[in-house]
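Here the structure comes first, spelled out in structure tokens, and everything after it is commentary.
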Amino acid sequence: MILAPSDTLAASFQQVRTQTIQLCAGLETEDYVVQPMPDASPAKWHLGHTTWFWETFVLQPNLPGYRVFHDEFSFVFNSYYETVGRRSLRTQRGNLSRPTVAEVFRYRTYVDEQMDRFLTDFSPDDTLTNLITLGIEHERQHQELLVTDIKYTLGHNPLFPPLEIPVEEHTPQSAATPVTVAEGVYTVGYQGDGFCFDNELGAHRTYLNTTTLSGTLVTNAEYLAFLEAGGYEQFQHWLSDGWAWVNANRVRSPLYWHPVDGQWQHYTFAGLQPIDPEAPVCHVSFYEADAYARWRGMRLPSEFEWETARLQGLPNTGQRWEWTGSAYLPYPGFATAPGAVGEYNGKFMSSQMVLRGASVATPPESIRPTYRNFFQPDKQWQYTGIRLAY
Amino acid sequence: MILAPSDTLAASFQQVRTQTIQLCAGLETEDYVVQPMPDASPAKWHLGHTTWFWETFVLQPNLPGYRVFHDEFSFVFNSYYETVGRRSLRTQRGNLSRPTVAEVFRYRTYVDEQMDRFLTDFSPDDTLTNLITLGIEHERQHQELLVTDIKYTLGHNPLFPPLEIPVEEHTPQSAATPVTVAEGVYTVGYQGDGFCFDNELGAHRTYLNTTTLSGTLVTNAEYLAFLEAGGYEQFQHWLSDGWAWVNANRVRSPLYWHPVDGQWQHYTFAGLQPIDPEAPVCHVSFYEADAYARWRGMRLPSEFEWETARLQGLPNTGQRWEWTGSAYLPYPGFATAPGAVGEYNGKFMSSQMVLRGASVATPPESIRPTYRNFFQPDKQWQYTGIRLAY
Amino acid sequence: MILAPSDTLAASFQQVRTQTIQLCAGLETEDYVVQPMPDASPAKWHLGHTTWFWETFVLQPNLPGYRVFHDEFSFVFNSYYETVGRRSLRTQRGNLSRPTVAEVFRYRTYVDEQMDRFLTDFSPDDTLTNLITLGIEHERQHQELLVTDIKYTLGHNPLFPPLEIPVEEHTPQSAATPVTVAEGVYTVGYQGDGFCFDNELGAHRTYLNTTTLSGTLVTNAEYLAFLEAGGYEQFQHWLSDGWAWVNANRVRSPLYWHPVDGQWQHYTFAGLQPIDPEAPVCHVSFYEADAYARWRGMRLPSEFEWETARLQGLPNTGQRWEWTGSAYLPYPGFATAPGAVGEYNGKFMSSQMVLRGASVATPPESIRPTYRNFFQPDKQWQYTGIRLAY
Amino acid sequence: MILAPSDTLAASFQQVRTQTIQLCAGLETEDYVVQPMPDASPAKWHLGHTTWFWETFVLQPNLPGYRVFHDEFSFVFNSYYETVGRRSLRTQRGNLSRPTVAEVFRYRTYVDEQMDRFLTDFSPDDTLTNLITLGIEHERQHQELLVTDIKYTLGHNPLFPPLEIPVEEHTPQSAATPVTVAEGVYTVGYQGDGFCFDNELGAHRTYLNTTTLSGTLVTNAEYLAFLEAGGYEQFQHWLSDGWAWVNANRVRSPLYWHPVDGQWQHYTFAGLQPIDPEAPVCHVSFYEADAYARWRGMRLPSEFEWETARLQGLPNTGQRWEWTGSAYLPYPGFATAPGAVGEYNGKFMSSQMVLRGASVATPPESIRPTYRNFFQPDKQWQYTGIRLAY
């Protein structure tokens, strides 16, 4: 990894911190507080947690004389780092009215000022540079979650309130030709010298069969055909777990879709809107993506087919996270860093599927061909879509 | 019921509406929103629901040309009236960031103005007078719930924040002599001509054996002796359901008690405080009250013993709701009013226990010797205490 | 209590033990084993548990040199006596293939022989006589449960197998005139000198208003009218908990009813049978009984109204346990016996309703006007019916 | 696939049917009935289900004039084939006392006779031969499940009863040298012309890095060291889901282990026995296998590393199913057969891990280097063990 000079780090730090706040510009105080499902953390929590990361991993160990803003915040804003003491239950985050939003903003300001002081005097050291870079990428990940979690909150409110937010959710895609990867041995995994997460390291060879990936994502119109053909009522398209999920939750469409006067609408940040037939389908689970592909007589690409195709010309897609047919597992030689930051990616390597690409909510700086996103196969609340392979 | 002249009604209406707002004076916006357990509705919901009551039952049917403030509010703020269309799930109230607190206040103002207009022109009519009186009493009930629900929210926050609120929670009680009711036939139930709830009507005779009720409530010091004697570890004091409740929830003390440096403290609106040994024990469930009484070789009074003793000199208690040994059941001849207001008390007459008296959070206007409060036997979050009988 | 001479006790003991076995004559080995819901214990368990009662409470403390049949059986066959060591989870009874049915029968034979030896030498002593009488009544209670639990098992088997068993389930009732109890003070509770349970003791006065109890139980034809009028779809007839129960369990009829070719049939020990319109409705929960009564504009009698009417000429009913409107609570002066046998009735005194009378499965020796049966309000699997009052 | 001449098929059919019965020789009638967890089906159900397979897929479509043994058995004994009509809930299998064990044996005899008649006249046809071969392999799979499910039932009985059954559970393993697979491209998947399951088809190339697989399985002594070092109390060894599983279920050892007088014993078909330190550890979940490997600084092999090593000399292991680090996913070109038999393997391809090898309960005829067994990562009740790779 080439070390960024400290002024660049300081600039990146300020940029990411400002960007987080800008995403929240349209929120009412109340919108910061609630947690309508365990996965969708309150915006307030995202603001506090990303700040806590800087305080705990950068300032406390490295800034002499640093005083924590509030003794109890470590308990409130730790997410899952078992190394760092007791943590508030994830499902209870939406029950906390305090600290108030204003206090969380004061916490951000305090930590930002201390970070500013710290970064000013900072002389490049590999470990610290890497840690700060990780903190920046960590905050970018939470920016995307902040968007999806707010959408979940407002999209499950009976008033379907619109929100001003700098996210362009639904644009038609331009035509693009399919990409065929020829049979052979390819190297996958991160090989650059910039930042990547630990789960992308361990570049290694893989053998691929000849495969073609569609140049475009499945559109709403295409997905609607599946739905109207009775796809959600026919077990034969579905994985066994998927069929159980469909029935237990009475799933009949992607998330946020609502039949209104005999027509499908969906909740967006502009409120309830008619579905654009040309836009790529969004908010589908892996089970739905997989069932749709099977119904079409195709399949989802593996994560290595995807990565190779991307390097061979598959257009940079920034619209939907694309479910792959690959389970989220370690690359050869995968090892976690020691200490709490090592609890980042590795421990989630079971029962999740890899998604590749990026979405309309992903900070552009984070997009990489080797980036491995991952979620359980039933999750719909991310900006997830479908690319077919055959 | 003697009809109040309309100006008194108008005054009472304004008084109760103002009082509701005064209870909220110390709240942060965030405190209005959350619902840390299904029973503890958000303050915002209480404000909206009581307002919805006036809009739905008084203004809509009676004020010509009345326009509802917002079409969707009926869905959001209905509590349990099956008669009045679909209703938002009680357990989901804490997931609604909208309408905002400010909007709910605007809703209140709008409805208050319309009510003002309505009550100004209002000529006394029995049905309407009764309905408005019911609305006032309904709002008073929600005032008490608002207090207990806010306490639950703040008392379960790891920061244990204090709150400015006009409730005097913990005062020592004055000495009072026991009251003995002699064996005989007594009449119980409401016989006055003021307001009472439907479940108090149907005054009827009951036969009581000679009973003595303690003049004072069980104190913290007395209850602590039970706790320290291992009361929570010994099945023989407990009802079977109570013992299961203790173990499933690992109950070891009244709600809000915390061991701090080897001493019991409890959460109050002044924050965490040492327990006052002289104050009446608070926030105990029926199971705890019943187990404590059995441990003492005594029992809880029945609701009719209580009511008779109260009429014979048991002091007006406004400190704790007192669990009785009586299940909540209809009085002879009990009938519900037709329509939605009839869904008020009767349908809850199973698996709940009667509480008598009043608490520090009860509006004084609502206190009556015949008032029947009721909760499930495992509930602790009301201001509930113990009076012994033998 | 007048003491039975020991030969009578011995005879009663043998009679009750034989009767238990006779009930099982038609069972296949497999029928003894399963537990399709937590309330419906396996027949094998009933046989073992009643035997364990004799071994634990009579033989072990009183027969010098008695050796327990098997060290682990106390763990397997204890039901709920917390006093007597760890106990197998009630919900796990149906997971135990061992001890086998044959072993349980050997256990019975062993204990019966020891009891025989014990009762032969037995010289009447009050405490022991009472204990043995209690054991006999305990076994009779389990005889009824054995019948209802077997019915539940076979009635939930897709083959609906018939069973030879000496229970006459469905007979039309003879006409009987209503009984009116005049207003006044009555004494209720057991006052005889034979056996009764501790919860019937404490005879005391009660004040009753004038009430009429129907001479007959509600018939299938009458109940069907409620069902066909949409009773299960209309919330206004139901208690709030009852309405939740109807919807959560999609209840649409009494237990064991099945629509077959457009007609209601029900499972009986003769297999699926058409419903006899004249027979009293059976297998209804308290919620259903209460809702039906409300739909008819009537109510359920209280347990004291029932007991008084019974003494004034209400015919001896041995067809259905009759739900009353009374919660199961202690009588004045109620006290439990010390030790494990005291854990018999008292600890269940919350959230259950009293049933009076007896059913087709009740051993006739156990029927008493003062007998208090009790179950939770949602239970349907006993032979429960409806008598109306007004 | 080379077709077996029909007499061989008939012989194999008879052999597998007889073998199933021989496994049950030591069972009591009661042992056939219960289902102590949803995964562990009753022995009775395995006997009926395998018979139902022959009746439904072979006899009904192919034997003219065949009459089903019992109309309702299809409902009772279908396992998960959504294509073949309604099916009894898997979790309810242990609630069915009927059909009795004797009836199920009659069902087997009836179907065996019809199959005999059918196979006698049978002239080799590819489709039918494949179907019958599949039926034989299907029954072999259920033989193994029958063993593990009976063990679960008896091993969770407080009496820990021994059972005569032809399964050699715990033998020490012979020393074997590690096998190193050199970096390169390998072909994996079934390439022979005998029987294999659909999920083994699609032989394809894969790229492997240099890897060494241990020649022996992890022993009880080795695993005990992990346990005694506090492995179950230290989150850092565990996947996040695994750590949650450990805590929710208070897992502290492999399944069937019990501390007895300060020493670990385990339940076996010989009853409770001291643990043999030299025998390979058994009944561990994937989470445990993975955590143990991490604690050792190693990892689990991938399924392709395993298969390649096996072909290069890794000894034929028939002791424990070996957890691999591979998720259960389709091979390139995987397609399911049309109709109900296609619902065999493919639909389970999510959230499960692949196991390779075979166990002491696996019929030797079924062992193949390419065989892919699969279970969810928390399952312990199969004969599962650990092989390390590095």
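Think of it as A, B, C and D in the order they're written, each chain with its own count starting at 1.
Everything that follows uses one rule, which is that a contact is a pair of C-beta atoms (placed from the backbone, for glycine too) under 8 Å apart; a residue touches a chain by one contact, two chains touch by 3 or more.
Going by UniProt, the chains are A, B, C, D = Ergothioneine biosynthesis protein EgtB.
Because the structure is a prediction, the values reported are computed rather than measured.
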Please state, in steps, how far chain D lies from chain B along the shortest route of touching chains. 2
Farthest chain from chain D by C-alpha centroid distance is chain B
Would you mind pulling out the distance in Å between where the CA atoms of chain C average out and where those of chain D do? 45
Dist(centroid_CA(chain B), centroid_CA(chain C)) in Å evaluates to 37
Length of the line joining the C-alpha centres of chain A and chain C, rounded to whole Å: 58
Scan chain C for residues touching two or more other chains and write them down. none
What chain-chain pairs meet the touch criterion? A-B, A-D, B-C, C-D
Using the touch definition from the top, list the residues of chain C that touch chain B in their complex. 80, 82-83, 185, 204-207, 209, 235-236, 238-243, 286-287, 290, 299, 325-327, 329-330, 332, 347-351, 353, 377
Using the touch definition up top, name the residues of chain D that touch chain C in the complex. 28-36, 44, 72, 75-76, 88, 92, 94-101, 153-154, 156-159, 161
